[in-house]
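The structures come next, written out as structure tokens.
Each of the next two complexes has chain A plus one other chain: chain B in the first, chain C in the second.
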Partner chain A sequence: MSEWSIVWEARSTILSGLWLTCWLFTASILGAFMLGCLMLYLLERGGALAWLLRGFINTMRALPFLVLAYLLYYGLSQLGLRMNAVTAGLLAMIIYHGAYFAEILRGSRLVLPPGSIEAAQAHGFMPGSIFLHIILPQLLLRTRPLIGNQLIYALKDTSFLAIITVQELTAAANAVQATYFIPMPAFVVVILLYWAITACLELAVSKAGIFGKARGFENV
Partner chain B sequence: MSDLPAVEIRKLSKSFSGVEVLRDIDLTVNKGEVVSVLGSSGSGKSTMLRCINWLEEPDSGSVFIAGQRIGYNSDKQRPMTNREMAATRARTGMVFQSFNLWPHLTVSQNVAISPIKVKGMPKAQARDLATQLLEKVGLGDKAEVYPFTLSGGQKQRVAIARALAMSPEVMLFDEPTSALDPERVGEVLQVMRDLSGEGYTMVVVTHEMEFARMVSDQVVFLDKGLIIEKAPPEIFFTNPASERVRRFLDRQD
Partner chain C sequence: MTEKAWMLLLEGAWVTLWISGLASAMGLVIGLAIALLRTARIPVVDQILAVYVSLARATPLVTLVLFLFLAAPTLGLSLDRYAVAIVALTINTSAFNAEIWRTAFLNFPRDQQEAALASGMTPATMFANIMLPQMIITSLPGLVNEMTFLLKSSPAIAIIGLVDLTRVTNRISAVTYEPLPPILAAALIYMVIISVLLKLQSLAEKMAGRLAM
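For the complex of A and B:
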């Protein structure tokens, strides 16, 4: 039996890893995106909370993702707050990439011309409504490439969760290679699967460019 | 209620980092009146306009929109909440020098969104209103395009339709033609002329002498933060009281 056919025989392990990776990725980027938008809104309102959030975002940017995952899984359980590995991993992903999404949007917010916001104020919009209907849509159209990049980072960060025992794609490949001692084929298959997901993401992000193009937002 | 002025400014003062931009401004704009505000750059005319809807918060003095004080809740003796502020601003319409359309929305959505989100108007009704107002400013065929495809004059006419959609008590124009190339100025002034003919109350900060002369009921001249002349155009342009205004008018020809 060739090494490749061993990988094929072990496909259910790899597929269930793939499924968990896709699920973790999707749930975490949705959560992270909403968290990022929420943090941006709170930053917009200013005050002590905004100051704290800036500190939090800077901390996340200085922290390696793996350390955060360790902290939530092992660190908190030492304090008596025990989560299962998937929950801890999901939470780490949401917090970490939420901070990055907030930072991407904040950067774009700083250079958003104030005129469209003044116009909304003059027309009687409330601050929350201005954020939701005027500021956020423009920021999303402006930051599409950066958000696309962040999605790919987020996908790859899910593989760190193997280390805190989450049985995602990398962990599944590792299990297969360790059982049959076939590291090369096992990891090559995994690389191809990550690449395939990345290619889909790239395609989706570039397709999303048509929204910006129709509104004159690309190449601005 | 109809005898209340559309806008009343009392003892308005404003400084920017120690420099006095407005000093004790008093101005009354009656319903249906068109008031042109003239003055050289830095005279405070835009700041005065922006104080009317509180985009600029004055240091002292008060502004009333159709009898209601803006920025301060007189009944409860405290500054307005965000909600009160928004509701009061919604009674004024503003047109900016740089248009400030919302680039992510179509022309029709630009006009319809404020009635929907601010007044809670049903979407279909707001769309009809937008169609009707865009026809009025001569842009019925541009409803479904995005602002970046329009010329400056077209953008400004959309901005006027957008402000009209809120049925404001007063329309505030902040140098509406200053960012336009000369060939596009006329189409915007024509729309404004039509509005004055329909009885809209307007305060227009402008450098367009011809417009001020032909359309306004009152011309106000600001210099170094003070109103130094206020007169009907036939007097303002032929026999102004102040030497400063005479010099200003001499340089226009």
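For the complex of A and C:
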């Protein structure tokens, strides 16, 4: 039996790893995105909280993802807060990438022309409504290449969770190679899977670009 | 946190620094070579390099490190852990650097190239004396940014048992049974190193802005 057919035989392990990776990735980027928008809204309001948030975002930008995952998984257990590896990993992903999303949106918010916001205020929109219906959609379409990059970073960061014993795709490749001793085919398959997911993400971003162009967001 | 724990942390920081520093330096040169080859548009080679860059950018570092560590012996290569870590980080960062260099290439003013060639420079002289000095300045902010990213993903080498700044916290807490202080201390050291890099990046941006190409 060739090595490749062994990988096919062991497909259930790899597929369950793929499933966990996709699930962790989707759940964490949705969470991170909402956290990022919330932080942006709070930054917009200003005050001491905004100042604290700036500090938090800058801290996250200066830390490797794995250190945050270690902090939540190993560090917090000292304070009696024990989480299983998947929960800690998911939480770390949400917090870490939430800060990055907030930073991306904030950067674009600083250069957003005030015209549309002033028009909305003149029409009597409430601040929350302006943020949700006027500011956020514009920021999203403007920052989509950066958001696309961040999604790819987030996908790649899920593999760090293998180090804190989450059984995701990289850990699954390792399990397969350890059982049958076929490191080459197992990892080639997994790397191609990561590549495929990245390609899908890139495709989605370019589709969003076409949508943005159609709605006239490109030449503002 | 005892003095011994701090010493261990600093040793871990040193491992992180020299491995990512070496990989970064090699990645700069290899990235430039890839960008040069790709602008030459040699048939087949160009496509192979495009696939290489795309694959290397899409592969998570943890997966790449583990793959090289496990698959190298089956190909008859005997690499120790440090060599595997350096090779993996170099593959990763060279792919990102190649794209940065290539952008600098593509955006290089055409009139300068024509002027240089019209003055009788050979393409090699033109590249070394006209293009490269300006390309270095324009790509520097992006390259330093990529170094920051490399440093932030360097804890991936922990998966093959290298004791870097992240992994060393496990060693310390295995003795003290208190994981929180060493992790926070490691975070602090990372923040110091990365803020130095961010400072360098803003300096590089100022320099590139002054050139105003």
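One rule holds in what follows: the second predicted complex is superposed on the first by the 218 of 220 C-alpha atoms of A that agree within 3 Å, B and C clash if a C-alpha of one lies under 4 Å from a C-alpha of the other, contacts with A are read in each partner's own complex, and residues count from 1 in each chain.
The rule we apply is simple: contacts are C-beta pairs under 8 Å (C-beta built on N, C-alpha and C of every residue); 3 or more make two chains touch, one makes a residue touch a chain.
Everything quoted here is computed from the prediction, not taken from an experiment.
Trainee: After the overlay on chain A, what do you see for chain B versus chain C, clash or fit?
Mentor: fit
Trainee: Could you work out the angle between chain B and chain C as seen from chain A, using CA centres and rounding to the nearest 10 degrees?
Mentor: 110
Trainee: With both complexes overlaid on chain A, does A:E118 touch chain B (first), chain C (second), both or neither?
Mentor: The first partner, chain B, only.
Trainee: Just chain B (first), just chain C (second), both, or neither: which does A:T13 touch?
Mentor: Neither chain B nor chain C is touched by A:T13.
Trainee: If we overlay the two complexes on their shared chain A, which of chain B and chain C does A:Q167 touch? Say first, second, both or neither.
Mentor: neither
Trainee: Could you look at A:I152 and tell me whether it touches chain B, chain C, both or neither (first, second, both, neither)?
Mentor: second
Trainee: Once the shared chain is lined up, is A:S108 touching chain B (first), chain C (second), both, or neither of them?
Mentor: A:S108 sits against neither chain B nor chain C.
Trainee: Could you let me know whether more residues of chain A are touched by chain B or by chain C?
Mentor: Comparing touch counts on chain A for chain B and chain C gives C.
Trainee: If we overlay the two complexes on their shared chain A, which of chain B and chain C does A:S28 touch? Say first, second, both or neither.
Mentor: Touch partners of A:S28: none, neither chain B nor chain C.
Trainee: For the superposed arrangement, tell me the lowest C-alpha distance between chain B and chain C in Å.
Mentor: Value for chain B versus chain C, nearest C-alpha atoms: 28 Å.
Trainee: Once the two structures are superposed, pull the chain A residues common to the chain B and chain C interfaces.
Mentor: No residue of chain A touches both chain B and chain C.
Trainee: Please output the residues of chain A touching chain C within their complex, sorted ascending.
Mentor: Touch residues, chain A against chain C: 59, 61-67, 70-71, 74-79, 152, 155-160, 162-163, 169-170, 173-174, 177, 183-184, 187, 190-191, 194-195, 198-199.
Trainee: Within the complex, which stretch of chain A touches chain B?
Mentor: That would be residues 115-116, 118-127, 129, 133-134, 137-138, 141, 214-217 of chain A.
Trainee: For chain B, which residues count as touching chain A in their complex?
Mentor: Per the touch definition, chain B meets chain A at residues 53, 55, 82-83, 86-94, 96, 98-104, 113-114, 117-118, 146-149, 159, 162-163, 166, 172.
Trainee: Spell out the residues on chain C that touch chain A in their complex, using ranges where they run on.
Mentor: On the chain C side, the touching residues are 54-55, 57-64, 66-67, 70-71, 74-75, 151-156, 158-159, 166, 169-170, 173, 178-180, 183-184, 186-187, 190-191, 194-195, 198.
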